[in-house]
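Below you'll find a set of structures to go through.
What follows is a pair of complexes built around chain A, which joins chain B in one and chain C in the other.
Coming up: the complex of A and B.
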């Protein structure tokens, strides 16, 4: 996960900067995120998967919409996790131990990041250029910044994970619009049949991708 | 047996002009005598005859007690409900004497003298033997528990609710028991064939679905002696088209062996195809419970029926389109949709994974002149039901929510011409017609969740 983010962040420094809200500010209105959070989410997702020569970015793929819709699922409320006290922090191999469900991580994380950025740069995150945003996100990913009792690392990992889910899950969930995510990586989609190809070694798979809804690209 | 819509409508309207012999005398309510307990052999025989006759299919409401009635039949002029045939004295057939029972089953006349709607296949049951009727009667009176279930009254308004016009239909189109039995007793060189004829033409009432009907809704042929239209494929039943059971090479049973037919009727699935639509019920309630001897008799009898359509060239597998798909060439009409939505189970070579997923190449249903069954199953999907011999069930998802009329037309046309099939293509209008005719919950199927 972090490797991909690193690659994305790396690539972004050499490519033209795209304004955070130029491509994807669609008709969708969020139900979980506040307007300020929504702006932050766009500005951050736009750097995690930037639009470039390889393919569409997170904004064009509808990733913020995906994450907002995801925040209404049981997963986002922590209902798929064991969430009973006591919440004791242990070694890394015991995994996530905080009392926060994904919705809490976004609330606290975005607020903490906004305060951090405002203090350091005197601006909102979304008003910074791409290179600066990359630098900030990389700092969250690797550094020891804390947003209260929430490590910035945790927030970054949550955001990156959900961003990739939005970019590469079936379009019925709101992301991967126009099957752009799947097309970018050459994933053939929900076809579930490759029996003709198992013995055609070295051949390029020629068929485009298909969504569960039957949409093709 | 759900030909009801057309049968009843024609019977009600079509026979009004027929000269009536007069209203039937009301039979005095002679009480059935308290029966002596029957030997278990007789009960078992009666249950077997009930299976062979598939009484339960129509006389059971969805999720209801077997034989307690209540299955609705929605007609243009109202809804009627199949009667309770458990031996409950008040709400069932508990007061029927054996003679009254025999008259209802074989002649379509109720205990009070009223005519039954011809949804009841009495023109076929007419040829049932006295011995079988006796066993059936004993089974229903002693082997079936009485269930007090008052079936809802018909909602057909007067005057259409009058049943006397049905007398004319019966007189014109239903054979007398004497004639029917005489015909059934025609000579066969092979006693197995004679048994098969009895089962198919009599209790099995296969022709109720698989024989074409005239405009007045009677089956155009009731036995194999009545010509090659018998079992040559029937009209739509709940949106499914019953295929020919005769020897047509492409659309009938011409390439099925006797053993194929036996196995199909037993397990509901063979290497050549799987039961779906209305046939699922027929296998589930009925044929899977028959003895191997009787299934062989049925199969041998069906194999003895020459084709009605004698123009069909023999089907042979043609690999052209399969080869193209294998190479990733999806330029043929409907090919991409087939690869995206169908090939995972039915394979690009059209051979499926029998007996889990049936083959489409050479499948008689696929090449039927009327494409409705194929369109219907693409739209709604269906369940390959568990049977005693094949206890796993498999689901085909419906694609109504995934494919437009145009795409369904494309893919159905592809299936009808690939792998040696040679049936005519279909249009988006055909698909729209079938889609419109489906019950709403079927037409608006959700995305496939397989």
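Coming up: the complex of A and C.
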């Protein structure tokens, strides 16, 4: 049921995205992210999973589209999290304690990151070279930068987690375009029947990757 | 009081997981009218398990489609009694279930019997090492039942679950190459062991070579077509790798939904009410007898369901929560070390070791079955001498390849020390994903005086009830146990010819971290035993204080076991049901007189 709906969505977007990819721009129109946020998201995802000799990057895989589409799900509104007050901060090992759902984390995080980058480099994040973007993202990942009361670390972890989900989940969610994420690592996806390969010890699995929709690569 | 009052029934069962389904089946067989209340939605293979839409890793393992929705109710957690506990806001360290089938729908399928010595742990440790061997502050206890008491019920559960495995001894005779340390069985497994995946086979050979005793893990994932004693059918597992977090689309993984409920749903004496959230068990004015339960139905009406017998069979910590909210049993006071509800809250002590192989060696980690694999028990239970080692407890060690999928592979990435993103991460992931073997030290966790459950003073659930508070931390005894057992794994990985190895060990002084998945095998908090001063339940899982309430689940374990708990929960459910049927129903009242 869900697979069929996903397949329909995929069919309607696959061609334009492929066509647009060469022009370096996604044909997908975001519904949650503003144009400035969308530009930031592209510039960041592009460094988290770069296009390189190993395989496609986050942009080619449609990760920004995945994240935008996720923003319309109950998850993004915090409906899978316990979000009752009071919100009291404590030791890191007791877990996330902010009143922000994923939508809030993106909104505040991207705004905070943009301000931080503008102040330090006098440019938008997306206008910086790859090495500088890496340095900034690494600082967010490991440092103590705060975007108001939102630690940059929390924003970074949210973005990295969703980027990985987008690149390696079933394409029905909008990412992993052309099954490029799965092909890169050799995960056969929804094939899900290995009766004949359980005891083929040490040998590479011979069949290609397949999506829930039946799309193959 | 409740705005709706239902017609009285013989028994009300709280929770539609393994324990509740077993009790409901047994009670209806005994002629009882049974209402089962499950707070989550109804679930079945035809909906949640429908291929191919069901095998969606994002929905299954990352949006937790068939797990508990924390927005309604969660717990608070702290490491020590002097801290402020904070809410567990996001699913991470443990993943409780919700909906018909409960955790029995999303589980993996590892299906063990308990080691006999673990059931009499205090007695055994005192006998072998002396009472002084037990560290100050450790509440080490016996279960009040023995392996011989439970054997017929372990056997029954395996037959209902269609469990695959290889025995070592049946009726005292060696019959196969099963677990050398396992106690004798009255019958073989209903199905032969599953095939070893490659990593498990390498582990088996290497463990044998270094002198350990490897065996096929008992798995409630059917190795062949099977019809259980209730007449319901299972199909053979095809190693698809979508067990943990999913409803099995092949009808291969045992679940209440597949193995028991089809035989119950059409029984006129049985009624399932889903989306019925129980608020409390109601007691009469003497507080020694339950009159029924109050719940919220799917429309939000408060409903009172009267019943002669109340079976509390939700997940471990929900059972303890309900007892505290209902005033059943004396709440535990850690300062005085008195009271029993919340006492002996325990977990499980699991760390993962990874071995990496040459790129010409494909371990195909996406192939998997949740319960299958190869284990050795040389450092579990009393199978080794603890005397010179100075700790209590142990760990089975195993390769239990349940199927590592795309997102999980990306989050695991490369060996420790490699970046988590960028080109270096990507290369490390690609170089290792198809060429690694992961193995677990799946250890015990002892009970301690200052590790317990009670009601949180601040945070409430969506129904206005105080949430359960967990006070939990890793303790020195358990950290040392883990470090010793993991050091033994190094011998095996060496014999496996691994290119590189990371031994996953707990660090001295390490604190419990709620942010990373560890295991959902929480236990204790309302334990069984022979002494009402140290146990909330008698040996039949009957409340000492309210004799028409039985509390079935891993809450009854006085210590955290090294094995996965479901096999023991199912055996305890059948054990308790047997005594309810044969003794209690004829003459309701306490089954143990003091």
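We take it that the second predicted complex is superposed on the first by the 193 of 217 C-alpha atoms of A that agree within 3 Å, B and C clash if a C-alpha of one lies under 4 Å from a C-alpha of the other, contacts with A are read in each partner's own complex, and residues count from 1 in each chain.
The rule we apply is simple: contacts are C-beta pairs under 8 Å (C-beta built on N, C-alpha and C of every residue); 3 or more make two chains touch, one makes a residue touch a chain.
Treat the numbers as computed from the prediction; the structure is a model and nothing was measured.
Of the two partner chains placed by superposition, A:158 touches none, neither chain B nor chain C. Counting the residues of chain A touched by each of chain B and chain C gives the higher count for C.
By the touch criterion defined above, A:193 reaches both chain B and chain C. Looking at the shared chain after the overlay, A:81 reaches chain C, while chain B stays out of its contact range.
In the superposition on chain A, A:216 contacts chain B only, with no contact to chain C.
Within the superposed three-chain model, A:145 lies out of touch with both chain B and chain C [touch as defined at top]. When the two complexes are overlaid on their common chain A, residue A:205 makes contact with chain B and with chain C alike.
Note: residues 172, 192-193, 195, 205, 212 of chain A belong to the chain B contact set and to the chain C contact set alike, using the contact criterion stated above. Only residues 1-4, 6, 47-50, 52, 54-55, 73, 75, 78-84, 86, 88, 90-97, 134, 137, 141, 160-161, 163-165, 167-170, 172-173, 176, 181-182, 184-190, 192-195, 197-199, 201-205, 212 of chain A touch chain C when the two sit together in their complex. Those residues of chain A that touch chain B in the complex are listed here as 172, 191-193, 195-196, 205-207, 210, 212-214, 216. Residues of chain C that touch chain A in their complex: 50-53, 55-59, 62-64, 69-71, 73-74, 77-79, 83-92, 195-198, 201, 236, 238-242, 249, 360-364, 366-367, 405-407, 409-411, 420-423, 426-427, 429-430, 433-434, 458-462, 511-515.
Across the interface of their complex, chain A is touched by residues 325-326, 328, 330, 336, 339-341, 343-344, 347-348, 399, 401-403, 407, 447-448 of chain B.
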